[in-house]
Amino acid sequence: MKTRIEGHLRSFQENNRNRGRLLVSCPDQPGIVAAVSNFLYEKGANIVESSQHSTNPEGGTFFIRFEFECENLNEKEALLEHDFLAIAERFSMDWKFTYAYKVKKTAIFVSKELHCLLELLWEWQSGDFTTDIALVISNHEDAKDIVESMGIPFHYIPASKEIRKEVEEKQLQLLEDYDIDLIVLARYMQILTPDFVTAHPNRIINIHHSFLPAFIGARPYERAYKRGVKLIGATSHYVTNDLDEGPIIEQDIERVNHRDSADDLKKIGRLIERTVLARAVKWHLEDRVIVHENRTIVFN
Amino acid sequence: MKTRIEGHLRSFQENNRNRGRLLVSCPDQPGIVAAVSNFLYEKGANIVESSQHSTNPEGGTFFIRFEFECENLNEKEALLEHDFLAIAERFSMDWKFTYAYKVKKTAIFVSKELHCLLELLWEWQSGDFTTDIALVISNHEDAKDIVESMGIPFHYIPASKEIRKEVEEKQLQLLEDYDIDLIVLARYMQILTPDFVTAHPNRIINIHHSFLPAFIGARPYERAYKRGVKLIGATSHYVTNDLDEGPIIEQDIERVNHRDSADDLKKIGRLIERTVLARAVKWHLEDRVIVHENRTIVFN
Amino acid sequence: MKTRIEGHLRSFQENNRNRGRLLVSCPDQPGIVAAVSNFLYEKGANIVESSQHSTNPEGGTFFIRFEFECENLNEKEALLEHDFLAIAERFSMDWKFTYAYKVKKTAIFVSKELHCLLELLWEWQSGDFTTDIALVISNHEDAKDIVESMGIPFHYIPASKEIRKEVEEKQLQLLEDYDIDLIVLARYMQILTPDFVTAHPNRIINIHHSFLPAFIGARPYERAYKRGVKLIGATSHYVTNDLDEGPIIEQDIERVNHRDSADDLKKIGRLIERTVLARAVKWHLEDRVIVHENRTIVFN
Amino acid sequence: MKTRIEGHLRSFQENNRNRGRLLVSCPDQPGIVAAVSNFLYEKGANIVESSQHSTNPEGGTFFIRFEFECENLNEKEALLEHDFLAIAERFSMDWKFTYAYKVKKTAIFVSKELHCLLELLWEWQSGDFTTDIALVISNHEDAKDIVESMGIPFHYIPASKEIRKEVEEKQLQLLEDYDIDLIVLARYMQILTPDFVTAHPNRIINIHHSFLPAFIGARPYERAYKRGVKLIGATSHYVTNDLDEGPIIEQDIERVNHRDSADDLKKIGRLIERTVLARAVKWHLEDRVIVHENRTIVFN
């Protein structure tokens, strides 16, 4: 299995060896699109996708994302980034170039409920997720067999409130060892410490099993049942130190009715959780998500 | 227009002169369906629709709704209700017969935003809502022309927090004068007093412009925008004395994205509000909604 | 894995050892509900769910499904079915009792695309599908490893138009050997012969990758792309000898746009195919689907 | 009412007196975005929205839409268009500038079913549709009162197959008299002649009451009922001389089930028809729709 996926990654890298992306945010003013698109043109890059957004026609913040093809891109990275400095300075830009062939390394954290993990693995082995799932960390052993059967390292780290500090030290060491770019909490039911979260800004994606901001916190399906809602939902968001208050990347819902028990809601919800998390991770991996004032701009 | 609608109602009454409904709730135990369906059979009623629900297989509450056809039903009403007493007693039932030809009288309360009112009027004049819209009450005059052009009495009663008592006295008098069965708050932006609400249990339907329990209270679209949700919704519910906490009848959502301003959310939300309120009112008019422990059972 | 699932099945059988279902269709007339519910009551069965449908108030066909609990049901099967004959005759009924503890045996046919198979296996191992997946048959070997890793027999039978007869003989022998109740075509891309289909009326469920009746036949996503539709869909249906014309059990759609290539449609479609097929199979396993005049009544 | 809407239009024109749009399609090649965005920058235009699409990374067609703000735009129209010629020639562009303050004139054709017309009027009087609804043409008189009550000219032109030629002559005369930009067939149940259609390429929007390409032609709801579909839909498309085969602008669906009669499907379908047509018209009015090889690119 691992071999097959490595084949996927290699063929993806081959197909995308000239594919780059440029993300920019800056104070809105005339001339930004012209300046950046000129720059790319002069560097021999052909823009294949572009999206822009402005928070406010006047005095707001401007965001733009370009996806481009450029011959021998990997040899030009340093030059591109160096030469872009002049434009970046002129418009006071936050910016980054990313290169599709530099595949992001992902760590998945999971607990006993495996449906979100399985969905991610399934999308991954289908070739739809371009990432290297470098390891899976869990406080239970339920996922061990399936993860290892796919050739992915599995790390069992029992966790509890009392030993949170030690647990996180081990986790942080692993993240460093594996050079991780993205952490996905695929129903990992432990709270992370502020230090852990702060160290990974907009790089931890969680799935919450309600349409936030409804049912923040524990046991959302039980509370949804009790409230008698006619829709249940799921929300994927970047983790911040305000519980379930981080920037929302994606949400979806499913219809339920009076016949559905709290247990039924959980089962129905699994499908939404799986798809909502998978979409958010996919968009993140493709550098389509920008965070601004606790809201996300998703260029999809 | 009024003439055309009166034509609708008359033809509905004619088509439904033998159509009755029986709603029952009681402690769950064997034999209920058999007893009630036998009773209806012996009275010459043919069951055309039946739905049941049990909160819990053992020791729970059982709900059943029958819709039936019975020759000369209007002459048999008293007899039916009298003879049903024996069964009702045996099973400790809460129960009611309703008769489709006894069309419910509805009062619509509205403020300055007319989209929900217009949807209700539109469904009504299409013949899809079987009710007599007996009057419209508003604290503004915006709806006057359209309401009166349809031959419906319009009552303008300016309202504010300070004069709430006097306002409600006038409203209650009108509800009594017109013999109203159902009150629909079609974006009527005033809070009703506990006395007013208590006097109409499960007979006031409100539309709230969020997917409750998210964004309870004022300005939900502004708050939805600020929170950066990817879905907005609307909720129709019976009004109780806990603000926006009454039993939910129906909810729906629409997808939004980062380009939508708070004003866009309001516009997009209008469509959801209209359809969600219309569905809830329709189900109530057809006696499809039962309230149990602040949740609704909707037999649709 | 197999052990875990056998545990699921055993605990399901234990929990449902008193659970039966009765499905009836007959010419509509008064007294049916009364007669059947009385019968069940007298036999000591408590009705926990009932649904009915009539194709036409007058002179139509009436359908009813009861789900009931009855002490020591497995000892009473023969008696129930014998004693029901009198009622069945009186109302000219088609009828069957089924027993939840008699778990249906399912064969899954699959080709090279595994997403539908994987979804079924996933729902099954989660305990949501109450069936014994007795074997998987495929004309390719792609599914072999995953299927056998779950302890399910995998039969590789290469297929082509030329040898259809021999292939089907082998398949039919396996279906008989394993005593199969339900055949699921989980993207099995071969046409079945009329003899094969006729031998399994309403017992073969297929997933077609379009919202039928649009795009009947081959390559629906390519044709959907060419037509420029804004929605793509999937349809699960019972197989008949009219290609893609059998009774529809379930359909769903997903939104697409001009940016999506035919390949993108295929990827997006996989999610719909998986969920639509899984729902249809689940409803069939719970005896919720009745076929009437090439349409389905789904009591869900 | 007319006065109120004229107020809307005037305030829209005022708010948008500097708002222009540029739509371009041309063979794909590097440098297009740079050239056009430079041009706009040099002319003093600030890009507030841009969207692009390429049918194929290599050798395909490239589409781009800019929305921009430019001081004193109405004085610069001729200059802009003149100076753009050089770029247009260099890249072999099809292109057009449009000016938001030049409000399009719309004619609505309707028959006896008014729900789509009413939705358009409702969106219009809410200020959400920026168009001048210059006249309504109908082969029935049902819409007369409501249309005239809003101050819109209503033209009653009885129609039938036999007199199609004369009818269309009258209609064409009216379209010319009123200087119409867009024709909306809001459930106008007459076939237009090839001459009529050819004279208005991509300027006639129709609503078809099925999810095309399912149920092309007459009586789609009856056929949907008979086929037993679980979803019904509606499709808005530009009219071409192939019946119901024109480029699709928007589609949507609603879930139905076995209890819904053909008449119920019609009622449920009305809501979808209304919203699907309204969205398509809105996007057309905002110059968001480009037709390419019988498919639409919708930059929304």
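First chain written, first letter: the chains are A, B, C and D, and each begins at residue 1.
Quick note on the criterion: a residue touches a chain if its C-beta (ideal position, glycine included) is under 8 Å from a C-beta of that chain, and two chains touch if they have at least 3 such contacts.
Quantities reported herein were computed from a predicted structural model and do not represent experimental measurements.
The chains that touch chain A as well as chain D are B, C.
Comparing chain pairs B-C and C-D, the larger number of C-beta contacts belongs to C-D. Note: the chain lying farthest from chain A is B, by mean C-alpha position.
Between the CA-based centres of chain B and chain C the separation comes to 37 Å, rounded to the whole angstrom. Distance between chain C and chain D, defined via averaged C-alpha coordinates, is recorded as 43 Å. Along chain A, no residue makes contact with two or more other chains.
Across the complex, chain D is touched by residues 53, 211-215, 226-231, 233, 247-253, 257-259, 294-298 of chain C. Note for the complex: chain C touches chain A at residues 115, 118, 122, 126, 128, 149, 267, 270-271, 275. Residues of chain A that touch chain D in their complex: 29-34, 37-38, 40-41, 44-52, 54, 57, 69.
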